[in-house]
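Shared chain: chain A. Partners: chain B in the first complex, chain C in the second.
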Partner chain A sequence: MGKAFDPSLIIEFIPTLFHYLGVTLQILAASIFLGLILGVAAAIPRMFKIPILNQLVILYVSFIRGTPILIQLFLVFYGLPAVLQIIKIDVSKLEAIYFVIITYAISNGAGFSEIFRGAIRAVDKGQTEAAYSVGMTSTQNFFRIVMPQALRIAFPNVANSVIGSLKDTSLAFTIGVMDMMGRGDTLISATAHALEVYISLSIIYYSVVLLFEKTLGKLEKYFNRYQKADLSAAA
Partner chain B sequence: MINLKGIKKSFNKSEVLKGINLKIEKGEVVTILGPSGSGKTTLLRCLNFLEKPDGGMVQIGNIKVDTEKATKKEMLTIRKQSAMVFQHYNLFAHKTVLQNVMEGLIVAKRVKKKDARYRSELVLEKVGLKDKLHHYPSQLSGGQQQRVGIARALALNPEVILFDEPTSALDPELVGEVLSVIKTIAKEGITMVVVTHEMSFAREVSDRVLFMDGGVIVEEGTPLEIFHAPKEERTRRFLQRISGDSFFPPLKERVN
Partner chain C sequence: MTIDIPFIWTAFKEIIKSLPITLILTLVPLAIGFLIGLTVALVRIYKTRFLYQAANGYVSFFRGTPIIMHIMVIYYGIPLLIDQVSSKFDLNIQTNKIPIILFVLIALSLAAGAYLSEIIRSGIISVSTGQLEAAYSVGMTKYQAMFRIVLPQALALSIPNFTNLFVGFLHTSSIAFLVSEKELTGAANIVASTNLKFLEAFIAAGIVYWGLTIMVEGISFLLEKKVTSYSRGGVS
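The block that comes next holds the complex of A and B.
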């Protein structure tokens, strides 16, 4: 077991761990970005009911929802090189962080596709009819009328996913990525002060999440600027 | 000006329009009356292809479309001949009053922004909303929103404006302001087709009244003919049912 609890170590560990926040944020940013692209790509066959692709997306989303992210991570980490081996691509030298990014992108993509699909469907049909009635094409209607409103509807859910994803990145250390959590793991081995490390980590994660919530909340306000509740609050 | 021939439309095998023939002259104000489910709104929506008719021919202005063979492009061209005012206003929720009116001009008609703005402000002044240019629809009352809806249609300077029960969703005290705006533009010689339940409005404004029931035009004529000497039994029964006159006097007597 560890040594006697020493609160001063908590403060001492924070700068060491904080140093690795960049890696965590890198994983987050890359996986959200790729996830958004994947999410749009996956939402399209669902929206337009494209045969085969539609069923594949349904399976993809249901599988991602139904399996723990840790297992998905291992599946990608061990599975992807094996699959790519068949077509003679060697990825065994690829750094572990890329596998993490791929896993989280796939996972976020599934969630985003459902969020986008729901948001687009939630835009009032009358908006589209009005757009057609003034002579817009369906493309003009989508980009000028439907999408801006769908973004507003989707935003709170996307924001939640981002925050959830930020916390999930802490699993990256299981395949040897040196992010905050990974550094914490080595600190524990070196000092045997596990509790202090975990407290430090929770302080950092919590602060970052609070910061994210504040920022995303401001953005949400912006997206809601034409909604009744926000307008009356501003008045 | 507007010419419909044999317009048919079915929803899930139930026939809503059973071959409508209708001619409307330039500058004419036509109101369509009828019980709910009679097909009047569907007929209106077939005019701008919000519903694609199953058969028949639609002509507005110089554009003629055979509905069975209508391509996307043809539908778009004929849509640009008309503008619509909706029951639930359907203003673009993320755009201000001014942007709502400008949108169609800029995007569909490719009018320069400056010109679109000038024209939009002009029509908004006409409907009495010059002081609300930068408000969002959610900040307006129902009556104001519908007046924006009318301005949006008016700005496009279409061959015909289609009104789909423009006052049905309004609080009673807001109906008057919307009707008076519609009356003003009716007097300017704009061709209008109005689906409505406002009998006094229909009587006062229209050049011609159509009574629809069961997917056909049962009877048509001047307001005088329809309201005072309807020929058809169905028209008579409908007008009797809808006019509150016969119900209120006895109620009033009882109160006294």
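The block that comes next holds the complex of A and C.
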């Protein structure tokens, strides 16, 4: 299956693979950004119960939650050109990375829409009543009172999605994207040291995930700085 | 390229045949992972010496790396390890005879163990301490209190999380096709490439996964209703 195991290669491969971390992070950043927009857009019909759109969003979220990301990736990769051909747009020359970004944006959007909806519902109703009682309009109430609190509630879940998405980007190479995994694949064909490559990749992914967890955890603390300490700590 | 709708049905019939492999790849890792997860969760809750750090490291590492890495490292690593051991001791084991599914099952079980331990741990933590105190006050031992009082409640509380994980692993099993396992996605890939109808085949596979997910969520909803029917407060 490969040549003899050589631990020194693990160290040797890391810089080569690390070079391609940028592509992974690009996919992540673009898909999270687009996913946030899509998530807000999808959450609105659900909250205001806009007929038809509401049902469409339910279907969208259910489909995304019901199928593996790998299948979604293939569906977008093979399906999008076919759909766009109907309106005479040729995307067959588009680079694979754009299909990946679109897929992950669609996937993240579904998750985010549910997170946002849950977060807005989690804001105490008394807050809205208080806002109205001091004469705020419903727009003011939403943007000044409910949304800032909802963002705080939603943050840990969004952070989890970001980390999950980072790990999911490791599947982008299946449609031929040259990210860390893609580079790893070419390294394997060049050196036949598959195990070492995958161990190096694991180390890189683990480090990045740990870094993300630390940073997002700090941010979460910052967002909660006005919250009262836990009851258990107070007692 | 146009979409050949009748072919979706043809592909569907072909793909559904590999459903058992997907189910094996989902259920076996979750069952083994549950045992691992329970052990690890208890180790982490009781802060058993030495084991505690190892358990923390295990959970953190497996949750911090993509599952495809676990599959690949085990898929390439275990045969190398066995080869080395067998050449040293002159055992005549041929690693290429080991079915690939075994490696995938090991990798997925280890990953499932890490995720399940977190779920079980948070379930145990969320059972109120009053329950434990009550158990001790009627003279139960620590072991009895955990297994008769705390765990049953913790597991009932964790049903929504278990469902999410079940669905997650149902979807994760699709990664196995990358090591040429013929489960749903692998079968779809074969149907797609032999007929050169990629979109139709993956639509069919998507429908199978979607249907399975909806079914799992429905079952879990009923189960949750039944299991928590004793613990709901209020008058009923």
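One rule holds for everything that comes next: the second predicted complex is superposed on the first by the 229 of 235 C-alpha atoms of A that agree within 3 Å, B and C clash if a C-alpha of one lies under 4 Å from a C-alpha of the other, contacts with A are read in each partner's own complex, and residues count from 1 in each chain.
Following the convention adopted for this analysis, a residue touches a chain if its C-beta (ideal position, glycine included) is under 8 Å from a C-beta of that chain, and two chains touch if they have at least 3 such contacts.
What you are looking at is a predicted structure, and each value in this text was computed from that prediction instead of being measured.
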Problem set entry | Comparing the two partners chain B and chain C, which touches a greater set of residues in chain A | C
Exercise. So, A:Val134: does it touch chain B (first), chain C (second), both, or neither?
Worked result: first
For this session: Return first, second, both or neither, reflecting whether A:Gly126 touches chain B, chain C, both chains, or no partner chain.
Result: first
For this session: Considering only the touch criterion stated at the top, classify A:Gln227 as touching first (chain B), second (chain C), both, or neither.
Result: first
For this session: Figure out whether A:Arg152 sits in contact with chain B (first) or chain C (second), or with both, or with neither.
Result: first
For this session: Identify the partner contact of A:Ser202: answer first if only chain B is touched, second if only chain C is, both if each is, neither if none is.
Result: second
Problem set entry | Common interface positions of chain A, toward chain B and toward chain C | none
Problem set entry | Residue ranges of chain A touching chain B (in the complex, touch as defined) | 124, 126-127, 129-137, 140, 144-145, 148-149, 152, 225-228, 231
Exercise. Given the complex with chain C, which residues does chain A contribute to the contact?
Worked result: 1-2, 4-5, 62-63, 65-72, 74-75, 78-79, 81-82, 85, 167-168, 170-171, 174, 181, 194-195, 198-199, 201-202, 205-206, 209-210, 213
Exercise. In the complex of these two chains, what residues of chain B are touching chain A?
Worked result: 48-50, 76, 79-80, 82-84, 86, 88, 90-95, 103-104, 107-109, 136-139, 152-153, 156, 162
For this session: Would you tell me which residues of chain C are touching chain A in their complex?
Result: 1-3, 60-61, 64-69, 72-73, 76-77, 79-80, 84, 95-96, 167, 170-172, 174-175, 177-178, 185, 188, 198-199, 202-203, 205-206, 209-214
